[in-house]
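You will see two complexes here that share chain A, one where it goes with chain B and one where it goes with chain C.
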Partner chain A sequence: MHMLNAIRPKNRTIIAYLAIPVVMFVFTVFVPLVTALVYSFFEWKGGPVKTFNGLSNYIQLFQDGTFWEAFGHNIYLVIACIIGQVGIAFVLVMMVNSKLVFCKTIHRTFGFFPSTIAAVCIGLIWNMIYHNKYGILNWFLEAIGRKDLCQVWLNNSDIVMLLVTIPLIWQYIGYYMVIILSAIASISTDIFESSEIDGANGFQKAVYITLPLIKNTMLVCITLCIAGNMKAFDNIYVMTKGGPGTSSMVMAMYGYQVSFGQSNMGYGSCISVGIFVLSLLVIGGSQMLINYVTREKEAA
Partner chain B sequence: MKNNGTHKLKKGFLGVFMNLILWIFSLSCIFPIIWMFYSSLKEKRVFNADIIGLPSEPTLLNYTRILSNPDYHLGASIWNSARTTLLSIAMIVAFSFIVGYILSRVRFKLNRVLYVMFLMGMLIPIHSLLVPIYIVFQKCGISNQWFTLLLPYVSFGLPMGIFLVEGFVKTVPVDLEEAAAIDGSSFSHTLWTIIFPICRPILVTVAIIQVFSCWNEFSFALVLLKDVGLQTVPLALTQFKGQFASDYPKQMAAMLITMAPILVLYFAFSKQIINGMVAGAVKG
Partner chain C sequence: MNKRQALSAVLATAMVASLGVTASAATPVAATELAYTGELELMHYSTLEESQGNGGSDGFRTVLAAWQEAHPDITLNENVLANAEYKTQIQTLASANDLPDVFLLQGMNTKAWAEQGLIMDLTDTIAASPYYADYNQAYFTPFKTADGKIYGYPVLTGGTCTVVIYDKAMWKDAGFDAFPATWADVETAAAYFGEQGIDTIAFGNGGQWQANSDFLSTLGNRYTGPEWFQSLIDKAGAKFTDEAFVKALTEMQRLFTQTTIFNEDFNAVTNEDAREYYISGDAAAFIGGNWDWSYIYATLKESDPDKFANMGIAVLPQPADADKAPNSQNIGLGYAVAFNSNLAEDPDKLAAAIDLAQEITGPAFASYVAENYALGGLTKVADVDLSAFDQQTVDFYNWSYVDTETCEIYDSYINSAVWSILNTDMQSMMNGELDPATVAANAQAAYEENY
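Coming up: the complex of A and B.
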C-alpha cells in the first residue's frame, strides 16, 4: 500500500535516494547489453580498428559447430542436473522425513555445506579426486582390484561431460534438499496421518500426496536448475577449460575463449548476444512447457 | 502375527537402508574437506606415497610456507576478497532497502518503469554480460581497479534484494509512517530510524545470500582484473593450481585457508544461513 500523498517525500528526495543505485544498475547491466549488440555487427580483434560487417558474425555463429556443441552441452547439464540434483534431492528428502531416520539436522547441515563453497574450489577438489596418480578415484579402483579401469579421467573425451557434471550435481543436491524440505514442512501433518490410516505406504505418500502438494516448489527448483546450468563456467574453467578439444565446452567458456584467448571481441560480442538469446529462450520455453503440462493435468 | 513380524522386519531393514544412504551422502559432502585438512598436514612426498592415510608426523610446514611467501599473494587475495565482499554487501543491503522501500511505498511517475527494470535484471542471463562488461569497463578505464568488482557484484545482487525488501515492506502497516509523520518525523528520519530496524530480518537474509555469492564469485573477477595484487581468492587459487600442479598438500592448504572464513561462518550459523538462502531462492 502506498503512503498518503500528504506525507509523500519531495521528488528531489526520491531522486537523491534512487540516483546512485539506478545509474549503477543501468551502467553495469543495460549499457553492456547494448554495447554487445552494437559490436556484434563489427569485425573487431580487440585493437583500434573496427569494421562494420553487417550480419556476417551472426552467419558465422549459425554455422559455428563449436558454439552449437557448447549449447548442447549446456542442455546436457540442465537435463542431467534436473534429474540428478532435484530428483535425487527429492528421494533423499523422502528418506529424511521418514520416522525411521535419525540425525535429520546433521544431514541437513552437512548436505547443504558444499553449496556454500566456491565453484572454483569444488572444481579443484574434484580435479584432485580424478587425478590419475594422486586421485582418490584411481586409488579406490586399485584398492578394489580393478586397476584396469584406472585412467587419466579428464582426458577421456567420451565421458568428460559426465565427469564434470558429477561435481555439479553433488554440490547442489543438499541445496535443493533444503528447499524441498522447507516446502514439505509447510504441509499440514493431518494429510499424512489420514493417508497412513488409509494404508498408503511411503512411496504412495511421496508420489500421490507430497509431490502434487509441493508442485510449485519443484517448479521453482527446476527453474533455478535451468538458469544455473545455462551459466556454467567456473567448474569447467577450472577442470577442463572446455577440453579435451571441445568435448566439455559450454557457451560461456566458448565466449570467453573467443574473446580473450583469440581476442576476437567482435565475434565474442556476437556470441554473448547468442548466449543471451538462447538462455532466455530455454528459460522462457521451459516455463511455457511447464505451464502447459501442469494446466493439462488440472483440466483432466 | 507372522505377517506382523515380517512387516516389522521389512521396516527395520528399510530403516537401516535409509539411514545408511543418508549417512553416505552426508559424509561424502564433508569428506573432501576432512581429507584436504589432514592431507595438508603432510609433506608432498609423504602424500604422494600414500594419498589417503592419516599423517604420521603432522606438520604445518605447508601453511607457513604459503603464508610467509609474498609471491603467492594469498594474504593479499584474502584482503581483496574480504574488502570487496564487505563493501558489496553494505551497498547491496543499503540500496535494496532504499529502492525496495520506495518502490513499495511511494507513488511517482517512474515507479512501475523502475520496477520492471529491476525485474528484468533478475531474468537477464548475467553470464552473457561477461565479455560486454569487460569492453565497457575497459573503455571507461574502470577495469582492473580495487573498486571494479563492486559494480557487477552490487548490480547483480540488487534485484533479488529489492524484491525481498519490497515484499517485506508490503506486510508493514503504512499507519506507522503516517503516525511518525504526524509526530513531525521527516521522510529520511522515518526511513532510517523506524523502517530500517523493522526490515532487519529481511536485510540479514539479503546479506547472507550475498556473502557467499560475492566471496565465491569467479568469472567476472577473472575477466575484469589483470593485476596480481588485486586478485580475489578464487583467482588466486586458480593461479596456485598452475604453480603447484603436482604439490597437492600445498594446494589443499591454500584452499583451506581461503575457505576458513566461510567454514567458520557456515558451521556457526548454519541454521540461519540455510533458512536465509532458501527464503531468497524461493521468494526471489
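Coming up: the complex of A and C.
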C-alpha cells in the first residue's frame, strides 16, 4: 500500500491526463448533440440566417413518410443483423470450438478479416457481385441453367434491402465471433467435461451451458449490433445511395441528404435528433425485452 | 554514385525538366499592379487528377499558376477538393458563414446565398471588366437574381450536358446513315440491336442526378420551350405540374419502362459504368455530358482507333408528341467565381480578387482551352484555329457551339432541395413505380416550399 502511494501521481496530474480525453469526448459528442438539438428548432437553409420556428421541424418529421420508411428499413437491418451477425457468429463459434475442427486460429483470423475492411470497399466488392452484366451472381445462375432468375439486383425495390443487408452481415460475423469466443474461453472446461460425462451432445451443451453462461456478452453483442445498424450509412451509400427511389433509404442517409443535398440544416438537425431518440428507444426497449424474457426463465 | 544516388539524380533532372515545360507552357496573364500583399483564400475543384484530360481544369490550373507567378507578393491559400467533396464542403462553409475569399459558386445556390448576404454583388465590377465586351452574356444567367444583379464570373468551359455519342458503323449496319432524329426510329433500331444482344443506348442513373442533367433538362425543353423554364426561375407562374412538363415526364417514363432501348441496369449503374458499355461495344450509343465525351474520346483514341474513327455525336432524338426545339441541347457554365461579401472590407484585397477572377475567366484562359482543347469559356476568342485538331474534336466543337440550338441546364438554377426530391422520385418513375403526375406534384410542392 505504501509502495503504491509512493508511485501514485498527484491528483492534479491524474485529473490533467484524464481531462484530455474527456474534453475531446465532450467536444466531439456532447457539443454536436446539443448544437443539433438547438438547430433543430430553427429554419436554417444553408446560410448564416436561422429563423426560430419552434416545433414545426418536429411536426414535419412526424408527418414525413420518407423518414418513417427509412426508420422501418433501419429496424429491418437491426433484426436481420441480430439474427445474421450475432446468430450466425454464435453457431460458427460452436463449430470452431468443436473438437473435430482443425486449424482453429486460421478460422478465427479469416473470419475476422472482413470486419477490418472499410465499409466503402465492402460496398464496392458487393456491387461487383450483384452487377447484372459482369457480376458473379448472375454468372453463377447462368452456369446452373437458371438464366430466368438473372436480374438487375440492386434495381429491384422489393429485395434491395435484403441485398444491402447481406454484405453487412457478412462483414461483421467475424467481429462478433471474436467477442463470443473470448467469452467462451472464460468458461471453465470442467463444466463441459462433466456435461460430456453426463452424455450432453453439442447442441445441448450450446443451449444449456454456453448460452446461459455468456448471457451478458450476448447482450453486449446485441446492443452493439442495434447501435451499429441504427446508424448504418456507408455501404448503402456506395451500393444504392438509398435507391431505387427511397427503397433502401436509411435514417442517417436521409439526414445527410436533407442536410447537404437539400441544404436544409435545420430539418437535417431535427432528423439527427430523431435518430438519436429512436436509437435510444430501440436499444432501451430491446434490453428491457431481453431482461424480461430471461427473468421469466430463471423464475421458472 | 550508388544506385540510389543515380536514381535521385535522374528524378531531379526529370523534375527540373518538367518545371521547365510547365513554365514555358504557362499562359501570359495581364500583369496588373496590385497594392495587396498577403494571403488570399481560394477554394476550387480543379484537382491535378481532374486536370489530366479535362481541358477546363487544366486551363484553370495553368492560368492560376501564371497569375501566381505574376503576383509573387500575394500568397494564394488554395483548398482544392474533388467536385463531390467540394459541393458538400462549400455548403457547410456557407452554413457556418465561413466562406473563403474566392470560391466557385454553383448556379442553383446564387439566389439563396445572395439573399443571405453571403456573396458579393459583382454587377458593376463585371461591367467594368476590361474583357466585358468579349463576355458571352448568356453564361451569366444562372448567376443573376431576379433584380438583375450578377454574383459571379462564369468559370471553366461551357460544355453540353446531353449529347448522344454513337458508333457510326454499328448504326449503319442497323440501317441508319446517321443517328435517328426521332425516338420512333430509335425504337426500330432497338429491335435490330436486341437481336444482336446489344443495348441500343447505354445510360447510367445510379447517382440519381444523371436523369435530370443528362436527359430531362433537354427532353423537357422539347415539350415546354425555354419560356416555361424561365418563368419557373422568375417565379412568374409556370409550374412543374403544367401539362407540357408532365408530358415530358410521361415520355421519359415510356422510354425507360416500355421500350428496350436502354440497358436494363440504367438505374443501378453510374454514367461512368454506362460509358464503358459503349466503349466495349456492348451498347451502340451512349447518352451523357461533355465530361463523358472527353473520357470516351481519350479512351478510344488510345485503345481502339477503328471505333474512335466511327465516333459520332447527335442531339437527343425528338419525341413524337413534342413540338419544340428538336435541335436543342443543354449547355452552360455551371459554376462562377464568386467572392465572400466580407471582402468589401479590404479594398486592396478585393482588387486582387477581382483581378484573379478576371484572369481565370478572361482571354488567357479562353485562348489556352481553345488552342489546346477546342473548348470555349466565358470570354469569346476570335477565329479559333481548329486545323490542328482531329475530326472528332472539330465536330464536337461545332456541334457544341455552332450547329445546335441551346437550352438551359435545369439544375444550374432554382434550388438543390427541389432537384434532390425530383431526382429521387424520377428514379422510381423510371422503374415504373411512381406515376409522372405524382412526381410533378412532389416537385411542385418542394418548389413552393423552398424557392
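Here, the second predicted complex is superposed on the first by the 274 of 300 C-alpha atoms of A that agree within 3 Å, B and C clash if a C-alpha of one lies under 4 Å from a C-alpha of the other, contacts with A are read in each partner's own complex, and residues count from 1 in each chain.
What we mean here is this: a residue touches a chain if its C-beta (ideal position, glycine included) is under 8 Å from a C-beta of that chain, and two chains touch if they have at least 3 such contacts.
Since this is a predicted model, take the numbers as computed values, not measurements.
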item: Which of chain B and chain C A:265 touches, first, second, both or neither; value: both
item: Contacts of A:49 with chain B and chain C, given as first, second, both or neither; value: second
item: Contacts of A:173 with chain B and chain C, given as first, second, both or neither; value: first
item: Partner chain(s) touched by A:197 [first = chain B, second = chain C, both, neither]; value: neither
item: First, second, both or neither for A:245, with chain B first and chain C second; value: second
item: A:14 touches, of chain B and chain C: first, second, both or neither?; value: first
item: Touched partner set for A:185, first chain B, second chain C, both or neither; value: neither
item: Chain A positions touched by chain B in one structure and by chain C in the second; value: 131, 133, 260, 265
item: In the complex, chain A residues that touch chain C; value: 44-49, 131-133, 152-155, 157, 240-247, 257, 260-265
item: Chain B-touching residues of chain A, taken from the complex the two chains share; value: 1-9, 11, 13-14, 17-18, 20-22, 24-29, 31-33, 35-36, 39, 92, 95-96, 98, 100-102, 106-121, 124-125, 127-129, 131, 133-136, 139, 170, 173-175, 178-179, 182-183, 202, 217, 220, 224, 227, 230-231, 233-234, 237-238, 251-252, 255-256, 259-260, 265, 268-269, 271-273, 275-276, 279-280, 283
item: Touching residues on chain B, where the partner in the complex is chain A; value: 11, 14-15, 18-19, 21-23, 25-30, 32-33, 35-36, 47-48, 51-52, 95, 98-99, 102, 105-108, 114, 117-118, 121, 123-136, 151-152, 154-156, 158, 170, 174, 177-178, 181, 187-188, 212, 215-216, 218-219, 222-223, 233-234, 237-238, 241, 246, 248, 251-252, 255, 258-259, 262, 266-267, 270, 273-275, 277-278, 281-282
item: Residues on chain C engaged by chain A in the complex (per definition of touch); value: 87-88, 91-92, 94-97, 109, 112-113, 115-118, 206-208, 264-265, 267-269, 277, 282, 416-417, 420-421, 424-425, 427-428, 431, 433-434, 450
